[in-house]
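In this document, chain identifiers A, B, C and D correspond to the written order of the chains, with residue numbering beginning at 1 in each.
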Amino acid sequence: MKKIIDGRDTTLGRAFDIFIQILIIFSIITFSIETLPDLKPHTREILHSIEVICVIIFTAEYLARIYIADKKLKFIFSFFGLIDFFAILPFYLTFGLDLRSLRIFRLLRLFRLLKLVRYNRAMQHFGRAMIVAKEQIILFMSITLILIYFAATGIYYFEHEAQPEKFASIFDSLWWSIVTLTTVGYGDVYPVTMGGRLFTFFILLIGLGIVAIPTGIISSSMTKVFNEKHQELKESGEYDELFEEEE
Amino acid sequence: MKKIIDGRDTTLGRAFDIFIQILIIFSIITFSIETLPDLKPHTREILHSIEVICVIIFTAEYLARIYIADKKLKFIFSFFGLIDFFAILPFYLTFGLDLRSLRIFRLLRLFRLLKLVRYNRAMQHFGRAMIVAKEQIILFMSITLILIYFAATGIYYFEHEAQPEKFASIFDSLWWSIVTLTTVGYGDVYPVTMGGRLFTFFILLIGLGIVAIPTGIISSSMTKVFNEKHQELKESGEYDELFEEEE
Amino acid sequence: MKKIIDGRDTTLGRAFDIFIQILIIFSIITFSIETLPDLKPHTREILHSIEVICVIIFTAEYLARIYIADKKLKFIFSFFGLIDFFAILPFYLTFGLDLRSLRIFRLLRLFRLLKLVRYNRAMQHFGRAMIVAKEQIILFMSITLILIYFAATGIYYFEHEAQPEKFASIFDSLWWSIVTLTTVGYGDVYPVTMGGRLFTFFILLIGLGIVAIPTGIISSSMTKVFNEKHQELKESGEYDELFEEEE
Amino acid sequence: MKKIIDGRDTTLGRAFDIFIQILIIFSIITFSIETLPDLKPHTREILHSIEVICVIIFTAEYLARIYIADKKLKFIFSFFGLIDFFAILPFYLTFGLDLRSLRIFRLLRLFRLLKLVRYNRAMQHFGRAMIVAKEQIILFMSITLILIYFAATGIYYFEHEAQPEKFASIFDSLWWSIVTLTTVGYGDVYPVTMGGRLFTFFILLIGLGIVAIPTGIISSSMTKVFNEKHQELKESGEYDELFEEEE
């Protein structure tokens, strides 16, 4: 049984992995459909039944993983153990009671998305990359935050009088800062005075280079970690096994 | 005849290549003009005549290519053989019948665009680059998709009550996710609550770095493949021939 | 006392640094809250009291730093000395008088943000990176400015007749140039004529590559300076001390 | 006299260069102010007088450059010779006649902007970089154009029925393609159907990587050319002379 659940060597083990992944995606789609407005009561019932079946299988999987673990407590408090637990918790908490309306409990169901991390190499790398570049990300994020705050204060003084509704306070201006410096530019708030536009210009010329730094660090850190792991796997031979169709 | 159609060595061979390329572009422009509203019946007739002439020439080219191929079946089922076939198919399917109104048949005419691949080195590299980086693109695309879904679920919980029309369900929120994380920012949907805006901020700070990865992989993979091919061509001397004006 | 204020070696020294940083952030938040509309007079009074306390502490810190400095005049006219001075100046200038309404004096309070530079390594690198890449930034900024002006003149001639309100003069068109070439695209001004749209297309294809250069220079210069400093600190052993938790 | 106009070695030569540059910028600002609506007749007269003075000096400069040139004809038909000629031509063509209203003649005045190239190293590098990367830029631009056309055709079929006004033909859809794939996203046209949105999503995921390639080529080619020239100048010692304040 351990081989089926934990390993990827046997055909059954792989089939089990794929089955769980399909179930996670299936359960996430169900979760999304539930948010559609104007659903018929009949559809709601079907969706609820699917939800119950998914949770039962996830519970069985969770208990099985505890059963096969050599150090049971260690697994329960491990990263993946906790994710498995929180993925089923909201269902049991709202069971019987009518707490389903509490939005926070429904949001907790998103933990199921994290169950996919176990099977996705890229997401594991993402976590590792964030740890490797932690120090740099914090340093450059802090400068990005200071820049965004500086831009917000500046635009507030230029635009507050011309547009008292849209630039009501520095907090409202912060929204403009974020949307502009990431170049999203929704168009809900934008400067209209000559001074505000000149200020926007200078902030953009300098600021785009600064906001690009954390983005670049995350990007390069992830591809570096990926390539290292890739190399290791290739050397150890494990890689060939996983990507037989590639060679 | 083989030399004219297949080779680029003779003056006639090059002339034939250029003639076919001009015809493809000409036929695409015709196709675009047909979509213009308020066309006079007379103009429509002219456009239809041009279309008929183009298809006749493309058919002749297709048959000639089969004729000169050493392994006829292999050519018919090759990448370029199939493109040549599908580029003329929609015309013959709708011939006589009044199926022209079927939009899908008109869309199939886009296969003619793919005929250009035969002559465009960059597009051939694009295909090759996508195959080389296939594994990485799939891995990082999957993390991008998970991030987009995560952003959509988050914004749904923050904005659904404030804007029930625009963030009607998670599927509507997905549109917001895509438009925001690619920094397109049309401005048709955007958060208005404090929570939604803070969430947007954090998603953008982390997310831009993640969405940039597949983009970067495609970019770097293409330039790498291009430079390698470039080098090969230069060494083999074939390059000098193609770009005589450069040296 | 010198050890407490200037050094980071003693526990008290570190505590003092953290205390000042918290106070700066606290004072900035207060400053932002003051801009909120519809504040109760009572809240205003509290905010003013906090402001007074912050300024008193900053003044004490400033005087203490002068006191411990070996060369007092050199400190007063140094970068950090001037920042410390201008961070408290606006308060004393408006003290007693009712100059608080003068917006420029309130904006001067932003100098407090610069006090954070003393404690933030990334921001120190930013300054250094700008000096290192100064020549390149000026050269490429000049080409960016010429491009933006060229785009503005072009769009003015294409769009002025169609949209005399939005493209009233070249100065109004400059705003469009900036917003478009940085890809922010608020959507307040955009071309509507065929010519203007074609022009936008060509400007974007060439221009995005040019506007990306100063951004890229700032980014790469900062990461280069950071890595060099990082290396130096690691070699000198100072680094271990600062980031003991890392090793 | 040759030393003053052509060289940068003497103090007078440098002063002359700076004087001409200031005059160019001054003349461009005048040109921009003329486009302002609601100018008083008096202001118009002043602007016209400035224009006349600028043109007289530029004419004198042009004639002097011909006079000092060893091979006069070669200078007249050189790049800078032609720019100098076209920078003054529009004035003389409209002199006496009332052709000033002809917009094309006013646009020709932009040639003065190109006179700045003589003094700006970055702009000279831009020209050189475009020539060096010419082949690559053409190849990847062609793939970008095909992608933009493909996106336009696709969105036309998805959105034409839902928004017959905005996606009236493939030509209108091309505008959407350009604005979306460069991530400008004005928000004047955007898909509203489920199919159109899904199509936008896939086009963005693949397309951003492709549109980024020409941008990247221009960027990297320019910085490469700049660094090479920089190195050469440094070695030849010419650099020290130009940037004495740096060393």
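The rule we apply is simple: a residue touches a chain if its C-beta (ideal position, glycine included) is under 8 Å from a C-beta of that chain, and two chains touch if they have at least 3 such contacts.
What you see is a predicted model, and the numbers here were worked out from it, not measured in a lab.
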Self-contact between copies chain B and chain D, residue sets same or different by half: different
Taking each chain's C-alpha mean as its centre, the one farthest from chain A: D
Centroid spacing, where centroids are CA-atom means, of chain B and chain C in whole angstrom: 43
Separation of chain A from chain B, taking each centre as the mean of its C-alpha atoms, in whole Å: 30
In chain D, residues with contacts to at least two other chains: 183-187, 216-217
Chain B - residues contacting chain A, complex: 135-136, 139-140, 142-143, 146, 149-150, 153-154, 156-157, 160, 164, 168-171, 180, 183-187, 190, 194, 197, 200-201, 204-206, 208-210, 212-213, 216-217
Partner chain A, residues of chain C touching it in the complex: 28, 31-32, 35-37, 103, 106-107, 110, 113, 116, 120-123, 126, 141, 144, 175, 178-179, 182-188, 214-219, 222-223, 226, 243, 246
Touching residues on chain A, where the partner in the complex is chain D: 183, 185-187
